[in-house]
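To keep things simple, chains are lettered A, B and C as they appear, and every chain counts its residues starting from 1.
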Amino acid sequence: MSVLDTPNPRRAESAGQQEAVEQERRHASTKRSPREGSRSSPLDRTGTGTRVVILVVLGLALLWTLVPLVWMVLSSFKPATAITSAEPSWLFTPTGEHYAGLFTGGNELIPYLWHSVAAAGLSAVLSVVLGAPAGYGLARSEMRGKRHLSFWIISTRMAPIAAVVLPLFLMFRQLGLIDTIPGLVLAYMTFNLPFAIWLLSSFFSDLPPALEESALVEGCTRWQAFRHVALPLTKPGLVTTFVLCLVFAWNDYAFALVFSGPDSQTLPIAASQLVTQAGIDWGQLCAIGTFVVVPMMLAGLAVRRWLVTGLTLGAVTGE
Amino acid sequence: MSTSEDVREPVRRRRKGAAPRRVGFTGRMMLPGIVPLAALTVLPFLTIVVMSFSDVRLLGGMRLDFAGLKNWGRFFTDPEMGWFWLRTAGYFALTLGLEMVLGVVLALCVWRLVRGRNLVLSLLLLPMFVAPVIVGLLGRFLTDPTFGLYTWLLERVGYDGDLLGGTFTAFAAVVAMDVWEWTPLIALITLAGLSAVPPTLREAAALDGAGRWQTLRHIVLPSISNVLLVALLIRAMDAIRYFDIIWVTTNGGPANATKIVPVRLYETAFRFFDFGYAAVVGLAMLFASIVVARLFVRMLDRKGLAR
Amino acid sequence: MVDQEPSVISRRRTLGGALAGGAAFAAGGLLNGCATRGDVRRRDTADPWRRFAGCTLNFVSENTAPTSAIAADAERFTALTGIHVNIVTLELSALVQKVALDLASGQSQYQIIYADSYQVLAPYADGLVDLREPASDDSLPGDDSDLADFFPLQMDVSGRFGRGDRVLALPYDCATMIWQYREDLFEAHHERMANDLGFDPTPGPQRSWEEYYRIAEWFNDNVDEVSYGTGHQAKQHDSLMCDFSNVLFAHGGQYFENGEHIGRFGAVDPGPSTLGSEEALAGAEFYRRLLSVADPASTTWDWTGLGAAFAAGRVAMCPNWHEFAADNERSLPGRVGYTTLPSGPAKSANMYGGAGIAINGNTAPNERDAAWLFLKWATSRKTQLRNLTGEVGGATPTRSSIYRAPEIRRAQQRPTGMPTMLTAPAVQQAWKPEYSGLRPKIPMWNECDTAIYTELSRMLAGDAAPRRAMRDARDHIDRIVSRGWVAAE
């Protein structure tokens, strides 16, 4: 907990010692774990009144957050009549029929699942593989107009989906990429790649260049300094980026709708296909929803600790 | 153009001698990421610009016939457009505002929790991993007038209208769904900021005799303002783009109450196949999001973040 | 395709960081460049059905009853022809988007298209194959005269567009709106209702909409088994236009001058809208009044929501698509009756919402013929009969001869294994021009439709009076129509 020992950061900064402070804080923040964080929270001064308020707020928040999800999972095990009964039914004989239904009949789920895994996984991997050097380059670059470049990168992510889809579609058709996994991967890259570059560049900016410089002095090439010094130190950033890209791609509907076909439809498409003229099969929809949601939740929670530090884009240490 | 660059000298620009080699290396590092990105975005962007001045014919392969300023003229004289933008601004401000406020409140509460903090945080985070399409469909399921759980609950407390049927309630419902999904993200980012507030600061405040509220107001919140801006930026970037939730719940209705510009754009392109006009609306949207993003980035810059 | 993908991945893994982006493009291009299809091979076989054995076709369809039945049955087609068919089912707006993009690319990823009359046939008529050519090709099975077996109204609405006799699609789906009511309740309360209301409440086209309204009100006040007398599909959605149109046409209103002709044969330029007429206003005023006594949840329901509510016993009657009979029979066995909708001052109008099955005009010649085999098979008497009776079942035949078959005639009475056939007398009547309700078949209909249901939704929400709503809708439609149809000129 070296952070406790540092002098008042404001003073340090005004004295022009940013480098040292930043380095030290970084050290602290990479080591920080939620448990340690809780020790530093000011509960010693929290009165019972406040504590009750906090517990009530959190209780309500948990209800608000969890009821829809729990209801979805519960409903996925309910018989159809219990789902559409006017009185909500809490007691029922669980049935696996909706899940069974997903794997039999016309639209079997396995290919969808496979497409989702392949397309989302590949696009997340590629985004990190391409985004890491680009983010590093951006962080370390001293070119003029760097800010414009970096703003351009963010702005590509803001492109309105419906407007870019037609030109992209025609481009992909020329390249024979429609209804292929590579095509879907590229489509996902339009929003994942800028995000990855942006996020990773902020991770690299947080690294003190001194570390790489000492590696250079010891005779490393710049690539080696990146590969063996900078990259290992940003592992949390790489993992965060990967998982977020995975979530974005896995959850995408608008692009998948346009660029997929019989050989590449993904899970969200499968979910939307349950909305038919003749009605919505809510049981299957809840089952498929559970199916879409659970893997991403697990992935997200697995890296939650890093998400916390990752998503602040260095704003914490920048103060 | 270069003024924003000059505002603050990049912290790490120190050794002049190394600069020329660095540019070459960093440039080479960026290429593999930037080139595909440019290929995927610049060409479509230019196409949209051309499309906005054209009649776009689809049959037998796309053709663009020059149409002058027709589409742009229509955009500025469209009697409905103003309302769509106004509604969009309202939707945007309301969802972002609620998410920020609730997110910060939640983060503060979790921050002060001693036991079960990890568990509570994990549970609270779950919605942000749910696909927006599923959020929308789940919302429909819960508010279904015949068997929806929330409909039933509201009936218990005396409200028996139909959530997605009324103009006001439908708007509120889609806002609520968005807030449900994205408040956790804000809470998460805020919590990261809170965990980094140096305890020394708070101790100093306590020594000065500041109350809890004053500490919060004058010490804690200012020191996480950067983080809040980052949260706002990340969320704003997606808020303008995504419309999946509205698309699967209300489709813009009732009485256009939930028809925000992205929905209108999607409709123009893929229901009316008026791609020339859609290009204009799309460019306007892009422009609006860039203005908003610039604003946030500027604010971050002013705070001294050289990114 | 499943065996192709692992190789894509392993290939990906070997790509080094720097080259990956560029290579992804190149690999994608190469992998599929060779797949940019030439035409399929035509074999010389004695069996005309097996000329294109071994080829693969893609069929993109809305997720409707006939396609579910056909998807479950597609192996039969493969056994018959050796052609493999991939069936992609989508929700209608997603389907339309796919079809438009496919046509815009100048190629045919999907050779066989579910052609909604208003969102595919009308806007992209020139992008579809004139089916008279393959139909009259002697080397292919089947003959031209066979087309006469389809109901004439369906053939015109779902299969043709504009001038000439071109046949652009074969009638495939024939959803029709009719009056669905709780026969059990109408019987149980018949006497009291007749006394209270002063007329015979038995549903049918001899009832007027005004009487329908009074019956609904009567149920609201007097019957506890259901919450409301009538329910409607009045969500801001296509369904609202459909529901309203029945009332509009019944009152003599039309969307355009010469509306019935435009509804049946279609037009690119329909001329100015006539929604400002007194008849249209009368229709709108009545519709608003009707909705004020209907289940208030009506404004959140499209046809699906309404169907579920009716099946759940919330309302005593509703106008809805006949295909919901299958659900009704499952939830309320033996308790639902079907007839054509009430009459207004002008007629009894029953919205026809059928669709055809068509061939993408960008297909190569042999592919086109192979696709024709599928069309032929999918709309054949045998297949339609199986789709009606089979395990997945429930699809309504579009060939008139099927309704004359004795087993189908028997199935129109309970007990029946084919619940949709309980609606057969009603829908067959609704397919006669004098009972039909046809929305305008124009290429820009989708946008007009949106303008109409948006104004109607506004009217029902109390934001606009009927006169104002009709006038605004008219102005909006005129603006849309005057811009012309750009996408396919």
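Assume a contact is a pair of C-beta atoms (placed from the backbone, for glycine too) under 8 Å apart; a residue touches a chain by one contact, two chains touch by 3 or more.
Everything numeric here is computed off the predicted structure, so don't read it as measured data.
At the far end from chain B, in terms of centres built from Cα atoms, lies C. Between A-B and A-C, more C-beta contact pairs are found at A-B. The centroid of the Cα atoms in chain B and the matching centroid in chain C are 37 Å apart. The centroid of the Cα atoms in chain A and the matching centroid in chain B are 15 Å apart.
Centroids built from CA atoms put chain C at 40 Å from chain A. The set of chain C residues that touch two or more partner chains comprises 17-18, 20-21, 24-25, 97, 104-105, 308, 312. Contact with two or more other chains is made by residues 84, 86, 130, 133, 166, 170, 186, 272, 275, 280 of chain A.
Those residues of chain B in touch with two or more other chains are numbered 31-33, 36, 56, 62, 146-147, 270, 275.
Contact residues on chain B toward chain C in their complex (touch as defined above): 31-33, 35-36, 39, 55-62, 144-147, 161-167, 250-256, 267, 270-276. Chain C meets chain A in the complex at residues 1-2, 5, 8-9, 12, 17-18, 20-21, 24-25, 27-29, 31-33, 35-36, 58, 62-65, 68, 71-72, 86-92, 94, 97-98, 101, 104-105, 107, 109, 175, 303-304, 307-308, 312, 321, 323-324, 326-327.
For chain A in complex with chain B, the touching residues are 3-4, 6, 8-9, 18-19, 25, 29, 32, 34-35, 37-38, 40-43, 45-46, 50-51, 54, 57-58, 61-62, 64-69, 71-72, 75, 83-88, 130-131, 133-138, 140-151, 153-168, 170-171, 186, 189-190, 193-194, 196-197, 201-202, 205, 209, 222-223, 226, 247, 250-254, 267-268, 271-272, 275, 280, 282, 285-286, 289, 292-293, 296-297, 299-301, 304, 307-309, 311-319. For chain B in complex with chain A, the residues that touch the partner chain are 1-2, 4-5, 10-13, 19, 22-23, 25-34, 36-37, 40-41, 43-45, 47-48, 51, 56, 62, 105-106, 109-114, 117-118, 120-134, 137-142, 146-147, 149, 152, 180, 184-185, 188-189, 191-193, 195-196, 198-202, 204, 206, 212, 223, 226-227, 229-231, 234, 237, 240-241, 244, 248, 262, 265-266, 268-270, 275, 278-279, 281-283, 285-286, 289-290, 293-294, 297, 300, 303-307. On the side of chain C, the complex with chain B involves touching residues 17-22, 24-25, 93, 96-97, 100, 103-106, 123-124, 126-127, 235-237, 296-301, 305, 308-309, 312, 314, 361-362, 444, 446-447, 450, 453-454, 457-458, 460-461, 463, 486-489.
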